[in-house]
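Two complexes, one shared chain (chain A), two partners (chain B, chain C).
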Partner chain A sequence: MEYLATVTILIAIYVILAASYNLVIGYGGLATVAHPIFFAIGAYVTGLLAIHAGLPPIVCVALGAVAAMVASVLLAASSLRVSGDYLLIASLGFQLGLLQLIRNLEITGGPGGLSNIPSTIVGAARTPTFLAITIGLAVVSVLGIRAIVRGPYGRAITAMRDEELAFTALGRNAMSMKIVIFAVGCGVAGMAGGVYAFYFQYVSPEQFEVLQSAQILTMVVLGGMATAYGPVVGAVLLLAIPQAITFLDLPQNVMAPLQGIIFTVLVLLFLFLRPTGIMGDSDNKPRARASEAA
Partner chain B sequence: MTQVLRTEDLNKRFGGIVVSDNVNITIDRGEILGLIGPNGAGKTSLFNLISGVLRPDSGSIYLNGQAVNASPLYKRARMGIARTWQNMLLFRTMTVIENLLIAPREYAGESILRVTFGLGSVRSAERQARERALGILDRMGLADTADSMVTDLPFGQQKLIGLARTLMNDGPLLLLDEPMAGVEGAAYETMQAVVRQEAASGRAVCVVEHNVSFIRDLCSRAVFMANGRILQDGTVEELIASKALTELYFGV
Partner chain C sequence: MYEPVILAQIFWTGVATSAPHVLMTLGFALTLKVTGLWNFAQAGFMAIAFYTMFFALNGLDLPIFVAVLLAIGTTIAASLATEVYGLQVLRERQSGNLMFFIFTLILSQFIMYVITLIFGTEPQTLFKSILSPVQIVGGVAVSDWDLLGVGLMIGGMAALWLFMAFTKEGQFLTAVSDNAKLAELYGISARRSYRVTAVIASLFIVASMYLVGSHGGVVPNSPLELILGAVLGTLLGGIGRVFAAAAASIFLALIQSFSILVLASRWQNLLLYGFLFIAIVVFPRGVRLPKFRFALAGR
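Moving on to the complex of A and B:
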């Protein structure tokens, strides 16, 4: 049961990650790969504060989220001014560079990672408490993002994605909107990182590699980009299926490659059968986009 | 003070191509100025310079006597420089009314903080915008299209929606880039009537248009441009009578 609970907590955390990434890349149309690094910033800042500053856990997680948010604003404000495409390159560089830093600094524990993060809750109540917290946060994140994109703000996001030049010429500040969307998405990822750090009490650099970027992106695309519940479906599916086959009792040398193969087959299947994702429009018609520029 | 727009020695070049060569124009309150000239004359570029899509290499732009050079595109729209686009640039995945609701000078839904914590004020602003939008659509006889997807409408109506969206901005200056291109029949009449009403209500209007009869019907004054330069500024009759200009324009 403990194993199932851990998997569920992990899935809930990834639901938060995928949902916030969907806000940025799906709704906001901001091409970034660096989502895991904001997860990392949240996790490391929270962990370090818990170890060295002895602050209350909620404060640690909140500061972790704020740190991720501040870092994301710096990245977005500097690169979006050049162009939208530049964000893709800049985010990749930012992720790789910061990971190198984390790997080489003493305070972050170097390549071995940050361990000994204090257990905030001990005893039998620990797992149920974390289950409640992570599932609760996942629900709040998904519904919160859904509320944002459905109202007048979401209408503005859609218009911006449809036709940015006309949008700006109507008096809308597209640049600041993009930075805000990016900051909110990355802040939520940072919060997820903080909870992750407290639950697992251990954070290491390889959990935030570019491979993670690919995994979260796959969750979003497979579930359905720019849909409210797509990331939930994507995260559950991509985490639960590889976990489920561990119950098959196969030898390790079959199991490890099998998980990779399942992942790849799922991606290929969806690419051909349902490119808009599980929760996307079923007519397989890609979202109409304006191509002419003025 | 009746002068709404004044440009002073506007210059802009892209490499060897001069799109604006010491351009000086003025538009008064209530006036409809025609802007004509052959393709590549710099008419749309002039709109881009005035609205802030392009930055001039030198020269100044004044709106109601106030320099707007330093303001970016979105701020100039909020100051009241409203424009349409030759190819409309409608928000294609949205309905007609949604296209219009995005477009007031101040949009309540633009701030995530206001949407989260000031929902009451956002709601009342939305209500006002919706009323205004329906009023504009009604004037154009398009009230029943409000909930259609813009891409489902015929071309002429899409052109009108492009104008309707711009009219959500109630500012002093209206720049219309080829409003009649591809438009005929009922939409043509509507377009003409609406542009006239807007000028009558006190806006300064500038129209880029190849349809000379449209210009003749609407404008008392017109400017002829070629190669980024203003060649003549006068009544439409004077411009049409000028042999040198008609040769340049029609190549006859």
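Moving on to the complex of A and C:
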């Protein structure tokens, strides 16, 4: 039961991550691979504050999210000045560079990771409480992002993504909108990182490698880019399938790459056979076109 | 510490260690110039090239030239298959840059997972020993590996320059990179040019991975980090300027080499990322040296 609850908590955290990544890459059309590093910033800042400052958990998680948001603004503001493609390259460098920094700093625990993050809730109530918190945050994140993209600001985001030139010609500032979308998406990822740190009480650089991007990207593409519930379907499916493989009792050195192969094959199949994803409507011509143009 | 012979040694080591990076940058930058793609699938092809050689040498006990030929064959096959069944399909669908990016990155990761499943995550080298015979030239230690690296680097650059400047196929690549649609109006097949580019890039990849694998350990994830050097060289050199990208790679290797005078070794890798940001923020279109023009006397 404890195992199932932990898997569900992990799925809820990944739903938050995938939904926030979908806002950035699917709705905003901003090509980035650095989402795991904002998750990491949230986790590390939250963990460090909890260990050294002794602040209340909610404050730690909020500050973790703010730190991720600030870092994302710095990254986007510098790289989006030139062209969208540079965000991709800059995000790759940012991800790898910051991980290298985390590995080398003593305060972050170096390659060994950050342990001894205090347990905020103890006893039998711990897992059910975290279950409720993570599921609640996942629901709020998905519905919040859905509300943003369905409102007037969301229509502006779609217009900016599909026809940036026309959007700018109307007097709207595409650059600031991109930065806002990026910051919100990365801030939500930072919040997910904070919750992750409190639940698992241990974070290490390996958990945030660039290969994690493939995992989150898979969830978004498989579920359906630029769809409200696509990332939910993607995250549930892609975390549930490896759990099924877990019961095959394969050794870890086979299990990990096998899970990776499943992820990547699914993305490749969906990219070519159904670019709109499971939740994407291939008959909905404008959305299908937007997904293709992405 | 700052004696001339030490500085000369650091300089030579920097130039020699830049060789594999220069070769992979040539392939990466040429692909970007002709196809307009940041082709991260090349990281996967690098893994294919290395592990083919590794398996041929250590699993099948084949001679080195057969191992290299096999690696060339598998890398070209993988590269062409990706071009024909992947990139071409996305081009026909008029997919955006994001789709190309996702495809090349995920393909690269797929290849790495498959290789991890087969070969594990232990660092592997092509040969049992990575020690190379050394001779002292003017107080500077020069290994056989250094000479091979520098030879391949200079040979590769010269061969590419001759190919681009003096062959029809090379000129077609330049035409397609300038304007693919216009080139097609003149009867040049863009598809053929993309495939020729894939083959040339594969040759550079194999040469590069031979040098990397005969000098140190390689794990399945290594190529993804190695390709960042190629990205950085391409950015610093300026998109579309293949030889400037190669020169930038040498410059970066020299910076990393000389940094041992002031930085602890654990921080040296971070330099690369620092330069990446400087390149993006300050030199987004590459570093362009001023052109010196000499006024003609008596004109």
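FYI, the second predicted complex is superposed on the first by the 258 of 294 C-alpha atoms of A that agree within 3 Å, B and C clash if a C-alpha of one lies under 4 Å from a C-alpha of the other, contacts with A are read in each partner's own complex, and residues count from 1 in each chain.
Keep this in mind: a contact is a pair of C-beta atoms (placed from the backbone, for glycine too) under 8 Å apart; a residue touches a chain by one contact, two chains touch by 3 or more.
Everything numeric here is computed off the predicted structure, so don't read it as measured data.
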Partner chain in contact with A:Asp162 - chain B first, chain C second, else both or neither: first
Touching partner for A:Gly97 - first (chain B), second (chain C), both, neither: second
Chain B versus chain C as contact partner of A:Pro152, first or second or both or neither: first
Between chain B and chain C, more extensive residue contact with chain A: C
Contacts of A:Val184 with chain B and chain C, given as first, second, both or neither: first
Which of chain B and chain C A:Ala240 touches, first, second, both or neither: neither
Chain B versus chain C as contact partner of A:Leu143, first or second or both or neither: neither
Partner chain in contact with A:Leu105 - chain B first, chain C second, else both or neither: neither
Which of chain B and chain C A:Ala174 touches, first, second, both or neither: first
Residues of chain A contacting chain B in one complex and chain C in the other: 292, 294
List of chain B residues in touch with chain A within their complex: 44, 48, 51-53, 73-75, 77-78, 83, 85-87, 89-94, 98-99, 101-112, 115, 122, 126, 151, 165-166, 168-169
Residues on chain A engaged by chain B in the complex (per definition of touch): 148, 151-153, 155-156, 158-159, 162-163, 165-174, 177, 180, 184, 287-290, 292, 294
Chain C contact footprint on chain A (complex, rising order): 25, 29, 31, 33, 78-79, 81-86, 88-90, 92-94, 96-97, 100-101, 104, 210-211, 213-214, 217-218, 221, 253-254, 256-258, 260-261, 264-265, 267-268, 271-272, 275, 292-294
Residues of chain C defined as touching chain A within the complex: 38, 89, 93-99, 101-103, 105-107, 109-110, 112-114, 116-117, 120-121, 221, 224-225, 228, 231-232, 235, 266-267, 269-270, 272-274, 276-277, 280-281, 284-285
